[in-house]
Amino acid sequence: ADDVTLQLKWVTQAQFAGYYVAKDQGFYEEEDLNVEIKPGGPDIAPVQVLAGGGADVMVDWLPSALAAREKGVPVVNIAQPFARSGLTMVCRKETGIESPEDFKGKTLGTWFFGNEYPLYSWLSKLDLPRDGSENGVTIQKIGFNVDPLLQKQADCITAMTYNEYWQVIDAGLSEDDIVVFNYTDEGVATLEDGLYVLEDKLQDPEFVDRMARFVKASMKGWMWARDNPEEAAMIVLDNDATGAQTEKHQTRMMGEIAKLLGEDATLDEAAYKQTVDTLLQGGSDPVITKEPEGAFTHEVSKKAM
Amino acid sequence: MTAAADTAPTRTTTPVFRRAVEGKTLPILIVLGVILLIWYAFTVHLNAPWQIDAYERAETEWTAADLVRDTMAQERPVLPSPHQVVAEIWKTTVGTRLTSKRNLFYHAWITLSSTLLGFVIGTALGVLLAVGIVHNRAMDKSVMPWVIASQTIPILAVAPMIIVVLNAIGLSGLLPKALISTYLSFFPVVVGMVKGFRSPEAFQLDLMRTYNASGAQTFWKLRWPAALPYLFTSMKVAVAISLVGAIVGELPTGAVSGLGARLLAGSYYGQTVQIWSALFMAAALAAILVGVVGIGQRMVMARMGEKP
Amino acid sequence: MNANPAIRQEASSPQTSQPVVEAKGLGLTFETNDGPVRALADVDLTINKGEFVSFIGPSGCGKTTFLRVIADLEQPTAGEILVNGLTPEEARRKRAYGYVFQAAGLFPWRTIEQNVALPLEIMGYSKAEQKERVHRTLDLVNLAGFEKKFPWQLSGGMQQRASIARALAFDADLLLMDEPFGALDEIVRDHLNEQLLDLWARTGKTIGFVTHSIPEAVYLSTRIIVMSPRPGRVTDVIVSPLPKERPLDIRESPEFLEIAQRVREGLRAGHGDD
Amino acid sequence: MNANPAIRQEASSPQTSQPVVEAKGLGLTFETNDGPVRALADVDLTINKGEFVSFIGPSGCGKTTFLRVIADLEQPTAGEILVNGLTPEEARRKRAYGYVFQAAGLFPWRTIEQNVALPLEIMGYSKAEQKERVHRTLDLVNLAGFEKKFPWQLSGGMQQRASIARALAFDADLLLMDEPFGALDEIVRDHLNEQLLDLWARTGKTIGFVTHSIPEAVYLSTRIIVMSPRPGRVTDVIVSPLPKERPLDIRESPEFLEIAQRVREGLRAGHGDD
Amino acid sequence: MNWALTGALLFWAAAWALNEWLAKLNPRSAPAKRALGILIPAIFGITLLVVWEGLVRGFNISPVLLTPPSAIWARLVSSVPTLWADFQQTFLKAVLIGYAIGCGAGFLTAIAIDRSPFLQRGLLPLGNFVSALPIIGVAPIMVMWFGFDWPSKAAVVIIMTFFPMLVNTVQGLTASSAIDRDLMRTYASSYWQTLFKLRLPAAAPFIFNALKINSTLALIGAIVAEFFGTPIVGMGFRISTEVGRMNIDMVWAEIAIAALAGSLFYGAVALLERAITFWHPSMRSG
C-alpha cells in the first residue's frame, strides 16, 4: 500500500470527520492507501509541517495557503471538499449591535493565525479603522474559546457555525441573547478546509495518482459522514486521544459541517476569486499583495472522479 | 524527671495524635483549610455576575442562598468550586478504566514519562555544561552568554519548528517532547552548578593543589561534593520546569494526549472544570516530583554528615 | 654562639651540598581594594636537604605567605625561588611536599578517616595501603576511635590533629607545616613534638615549620629564621647547636635557654618597629 | 600550697558572695551516628564575680563544650547550671556575656571594622559610639590600619585578633574566651595578656578562659581548673596566690613556677588514662 | 559538499581556535580584560550565526522553516517601531512588574516559612504544588480573571517566578554556618537581626541564583501568556500572529529582541550579584 500522511488544521473533531471515516471504513484501504492522520492545534502551522516533509498533504484555509505561497512555499490546492464558509461574528444583543455599522466603538475579538484577514477586509469595506478610537473598533486577539464573550470582555467574537456558536448556546445564552453575522452574507467569505500539497511534488505522476486516490476515498468518507452523522461522530470520538470531546457536541458539529460540504471535491473558481479579492483589499497590510498564480489545480480532483 | 515520666504514657498511647500535632499533617490541613475557605469565597464572588445575569434573563426571583448554591454548580464557571474539581478528578481517575483515554492517570503518565526523560537529559546536560564552563576558560567566556540567550527564546514560539525539524530528521514520539523539557530544565542546573562548582573555599582548592591533584580528582573529591547542595536546589526547580516543558511540548505534537492536551481541549470547549482538574493533576505531579528530589537530598546530605 | 660547633656540624653536614629550597631576593606584594600590601621583601634563604627550619615572627609578617610561595600557592612578584632545583610549580607537580595549613581545613562531608585518606586516594595508593596508613597516622596523633566522626563532631584541637595526620599519611620529602600545633595543649604538643623529631630523624625529611612558640622552635629546629613584620624580611638566622637526639628535658639545658633568649630578642627587635 | 594566703584572699575576697556561674552535677552526652559521646560528666563548679578562671585540659576533654553550656549554645543532659542566678538562656537574652570562639568566625562580607561593629549594631549602640569603640578595640589588638580589609586578606593571627576585638567591643560582665591567643606569637600574646589583665582589673569583669598554655593560665588566672579527658571532669582546682598586680616577669618567680608545676602534674595525670 | 556549508564549517573551526587562543591570554590591564570578556562571546556568537546562515543556504532550507540571519537582520531594521511597541508592552510592563512581584512574593513567603515552623510544615509542601502550575493552563485563566491587557501576563510571570525564588531562598537561609549562628546567639540577637546581618548575606548567592533563573523565565512566561489572548500588541502576540502569516523573519526578529533583552536583564542581575556577593569564593576566584 502507498503511504500518505495528512496534516489537519485543528484538533480531532467532526470538522475532519470525512478523513476519519474514510480511514475507519476502509475506503483508503480500498484505494491501496495507508493513511496517517496528524491532528493539528493552535501551535501547528500545517504549512511548516508540509514544508518540513512531515506530511504529504494538509488541510488548510485558502488565506493562509495563499500567504504561504507568497512567502515562498509553493502550496497548491488539489481539492476543496468545503464549498461554503462557516465563519461568523457573534455579538451579545445587549451591546446594542444590530448591524455591522454598529461595530463602531465596540471591541471585537478574533482569532489570528490568518483568520483576521477576512475581518480586516470586512472592516475596511465598512470604513471602520481598527485603531481603537471612538469611530473605529478595538481588535483583540482571543484564545480559541468563547469565554471573552461570556465574560463580557469583548462585544463580539469570531465563531464557527459548527463549534463556537454552539458553545455560546450551551453556556446558557439563548438565540435571542445574541446576534450572528455570517461572513458569507457579508460578502467577505473565504474558502476554508481544502487539501493542499507542495507544487513540485505534482511533477511526479505517481504522486498525482496517489493524491487522486486519496481525494477520491476522502470524498467517499465525507459523503458517508454526511449520510450517517451519528456514526461519523462516534468514529471521530474513537479517534480523539484527549478523551475530552463529548458525543452531543460532535454529533451536532457533524450536522453543521454537512451543510458546508460541496457535492464534489472540485474548487469553485468563483469562490476562489472572491477569496482572493477579499484578501487583496485587507486594509493597510494585506495578506497577499498580488494576484496569485497556479495556486490551485483541477488535475487531481478531476482524476479522482 | 517525674513530670516526664508522667507524660510519657499519654504520649505513647496516642501516637497518631502526636504525629498530627508535631508532624506535617495538622499544619498542612490547617493551611489547606484556609485556602479552601478563600477559594469558596472567590468561587461565589467570581461566578456571581454571570449567575445574576442568568437569573435576570430567566426572570427568576433569587435569594442569597440560591446565589451561593448556584455559583458553586455552574457548568462553565469562571472559577469552579473545589468540590466540583474533586468530583471531576474522581470521575476521571477512579471512575474510569485506567487504560481509557478519558482517564486522567493515563494522561498524567504520558506527561510524566516525557517529563522524566527530559529532566534526566536536562540535568545531565546542565551538569556537563557547568563542568565545561568551570574547567575551560574559552567555554566560560563564550558559552555562558549564549546559554542565557537561548533561555530567553520563547519556547512555545519555536517548539513547533523544533518538532517539525526533528520530525524531518526522523525523530518522533517521546524524544521531541522530552527535548522541550530538556531545553527548559538544563538552565537552572547550569546556573546552580556553575555556582556550586565554584563554591569550594580557596584553602580547599589550595589543599588539592598541594597534592597536585588532577582536574578530575579535584572535581570528584572537592568540587562535586561541595556543589551538591546547589545541585539539589537546582534539581527541584528543574524538575518543576521540566513538567512545564513537557506540557508545552505536547501542544505542537498535535496535543493528542497528556495533561497539556487535556488543558488545551478543556480550554477549546470552555470546560473550566476539566482545565482545573488537569491543572491539579499537573500540580500534584510537580509536588510529588519535587518531594522525591527533596527526599533524595535529605538522604544524600545525611550521608555527607550534614549537621542536623 | 655556636657553643658546640661539633654537634652543629653533625646536624647539618650531610645536607649542605643539596639545597631543597633556594630563595633569592624574593618579594611578594598583594594588590587589595585599598592599595598594595607588601607581604615579603628581599628574602634570601637556602634550606638544605634534611634540615628542620622553623619560621618565627610577629603575626602578619609573612610566614604563611613564604610557605605558600614554596608550595606554589602564591606567585612571587620579585626575585626567584627554586624547590629541589625546579620551579615551585614543577616541584608541586612532582608532589614534592606535604602541607599542613594553619586552619585545619577538613572537608565537612568526609569522615575523619576519609579526610586522612584523601591525599592517598589522589596519589593512587591501594585500598589496603590506605587503610593501613590512615590507621597508623590517626594512632600517631591520638585520634584512634574517631575514624567515623565528621569534623564538626570533633574539638578544635582534634581537628588540627586530623589535619596533621592527613599531611603525614603520605611520604613527601619536604614537609611544610603552618602552626600545626597551635591549638594543642602542652602535653599533646610535647608528644607530637617528639613524634615529629623522631620521624624527621628516621626519614631524613626536610621540614619547614611555622610556629609562635619559641621553645618549640628551639626544641625542634636545626635552624630558626626570625622574620620582621610587614614587609616580611629575614632579620635573624639562628643555627641550633643542639644534637639531633633531643630528649624533652633538653629544654632545661643552658644551651637551649641561651638560644631561646636569642630568638626572643630577635623577635622583640622585630616588634619594635611595628 | 597557699604559699601566700593573704594575697590569695585579696584576689578573691570581694567576690565570694556573688556567684556568676554555678554548675551542679553537670553532664553532657552527644548522640552521634556511631553511639553517644560523653563530653562532660559530673561537673561541679562555681565561678564568682570578678574571678579570672582558666580551663586547661587535654584536647577534646570538653573545655569548649563547658563554655558553650554556660553560653546556652549547648543543652546539658544532666545536672543544672545557673548564670547570674538565671538559666543560661535567660542570661544570654540579657546579653550577660561576650564570647570569643576558638575559630575566628568573621563574616566574609564585612570588613574588619564592620565585623567588630557587628555586636554593637545588634545591641543598638549609636553610630558615633560604634566608631569610637571599634577604633579603640582594634588599636588594642594592634590592628589599626586594617579596618577596611576583608577577613580573607588577613593572616590567621590577625583574624584571631579581630575576633577578640569583636568580643571586647561591648561591655559584658562575663567574658568567655576559647583559646583566644592560640594563633599568636609570644610577643603579641604577652602584650594581649597584659592588656587583658589590665582590662579585668579595671572593670571587675568575670572571665572564663580556655588555654593550652600553662604559663598563660598561671599568669592570668585567679583559679585554674584542670580537666580530664572524655568524659570531661574537673580533676583539680588550683587557686593562684599571685597578686592582682602582675608584671610580666612574675613568671620567673618561684611561686609562679610552683603553680605551673602543679598544673603540669594535674594535666599529665589526666593524660595518663587517655 | 557545497561551498556555503564548507565555508561555514571552516569558519567555525577557525573561530574556535581563535577563541581558545584568546581565552589563554591573561591580560594585566582591566580594560583589556573587559574587552576580551566581550570579544570572546561575540566571536562565538558570530560563529553561530555564520554556521546558521551556511546551513540554511547550504541545505536550501525553506524560509518558512528557518530564516537565515541576514533576512532576520533586514527585517529587524525595517520594523523598529513595531518591535519597540511590542517590547514596551511585553518587557517593560508585564515582565518587569511580574518579575518584581513574583520574586518579592517568593522571597517573603520563604521568610514567613522560615519564621514560623508551622508554616514551614504547612506551606512549603503546598509551595511545591504551585511550582508547576503549567503556564498553558494558567494563562487562559489569568486572561479570564485579569483581562486581555498586560496585568494577566504579569500574573502569569508572578506564578512562574514564585517557586524558584521560594526554593532558593529557603535553601539559602540554611547556608550560614553553625558557628556563625552561635555567634549571633551569644549576642542574643533577635530573629530579624540575625536574618539581616547573617542569614540573608549568607543566602545571597542562592537568592541571586533564583533572580538569574527568573530573569529568563519571566520573559518566556510573558511571551507565552500572550498566545492566549492580548490586545494586538506585544512580543508574544507578534510571534504567534506572524507564524500564521508565514512571516518567519519577523518571528525571529522578535526572538532576537527577546534574547537581547533577556541577556541584558540577566547581565544586569549578574552585575548586581558581583557587587553584592563579592565575598563568595565563586566570585573571588574571578
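Observations on the model:
As written, the chain order gives the labels A, B, C, D and E, with residue 1 at the start of each chain.
Here is the rule we go by: a residue touches a chain if its C-beta (ideal position, glycine included) is under 8 Å from a C-beta of that chain, and two chains touch if they have at least 3 such contacts.
Keep in mind the model is a prediction, meaning the values are calculated, not measured.
With contact taken as defined at the outset, there is no chain that touches chain D as well as chain E. For the criterion of most C-beta pairs in contact, the winning chain pair is B-E. Ranked by separation of Cα centres from chain C, the top chain is A. Between chain A and chain D the centroid-to-centroid distance comes to 86 Å (mean Cα coordinates, whole Å). Remark: chain B and chain C have CA centroids separated by 54 Å (rounded to whole angstrom). Taking each chain's centre as the average of its CA atoms, chain C and chain E sit 50 Å apart. As a whole-number value, the distance joining the C-alpha centres of chain A and chain C reads 85 Å. Annotation for chain A: residues 42, 45, 48, 52, 143, 145, 147, 151 touch two or more other chains.
The set of chain C residues touching two or more other chains comprises 103, 152.
Shared interface positions of chain E, defined as residues touching 2 or more other chains, are 65, 140, 144, 178, 227-228, 240, 243, 280, 284. A list of each chain pair in contact follows: A-B, A-E, B-C, B-E, C-D, D-E. Within the complex formed with chain E, the chain A residues making contact are 42, 45, 47-48, 51-52, 64, 67-68, 70-73, 109, 112-116, 130, 138-143, 145, 147-148, 151, 153, 287.
Within the complex formed with chain D, the residues of chain C that make contact are 30, 32-34, 37, 56-60, 64, 102-103, 142, 148-149, 153-158, 160-161, 178-179, 182-189, 212-214, 264, 267-268, 271, 274.
By the touch rule above, chain B contacts chain C in their complex via residues 201, 203-204, 206-214, 217, 221-222, 225-226, 228, 304-307.
The residues of chain C lying in touch with chain B in their complex are 68, 71-73, 92-95, 97-99, 101, 103, 105, 107-111, 118-119, 121-123, 150-152. Interface of chain B with chain E (complex): residues 23-24, 27-32, 35, 46, 78, 136-138, 140-146, 148-158, 160-161, 164-165, 184, 187-188, 191-192, 194-195, 198-202, 205, 229-230, 233-234, 236-237, 240-241, 243-244, 247-248, 251, 259-260, 263-264, 267, 275, 278-279, 282-287, 289-291, 307.
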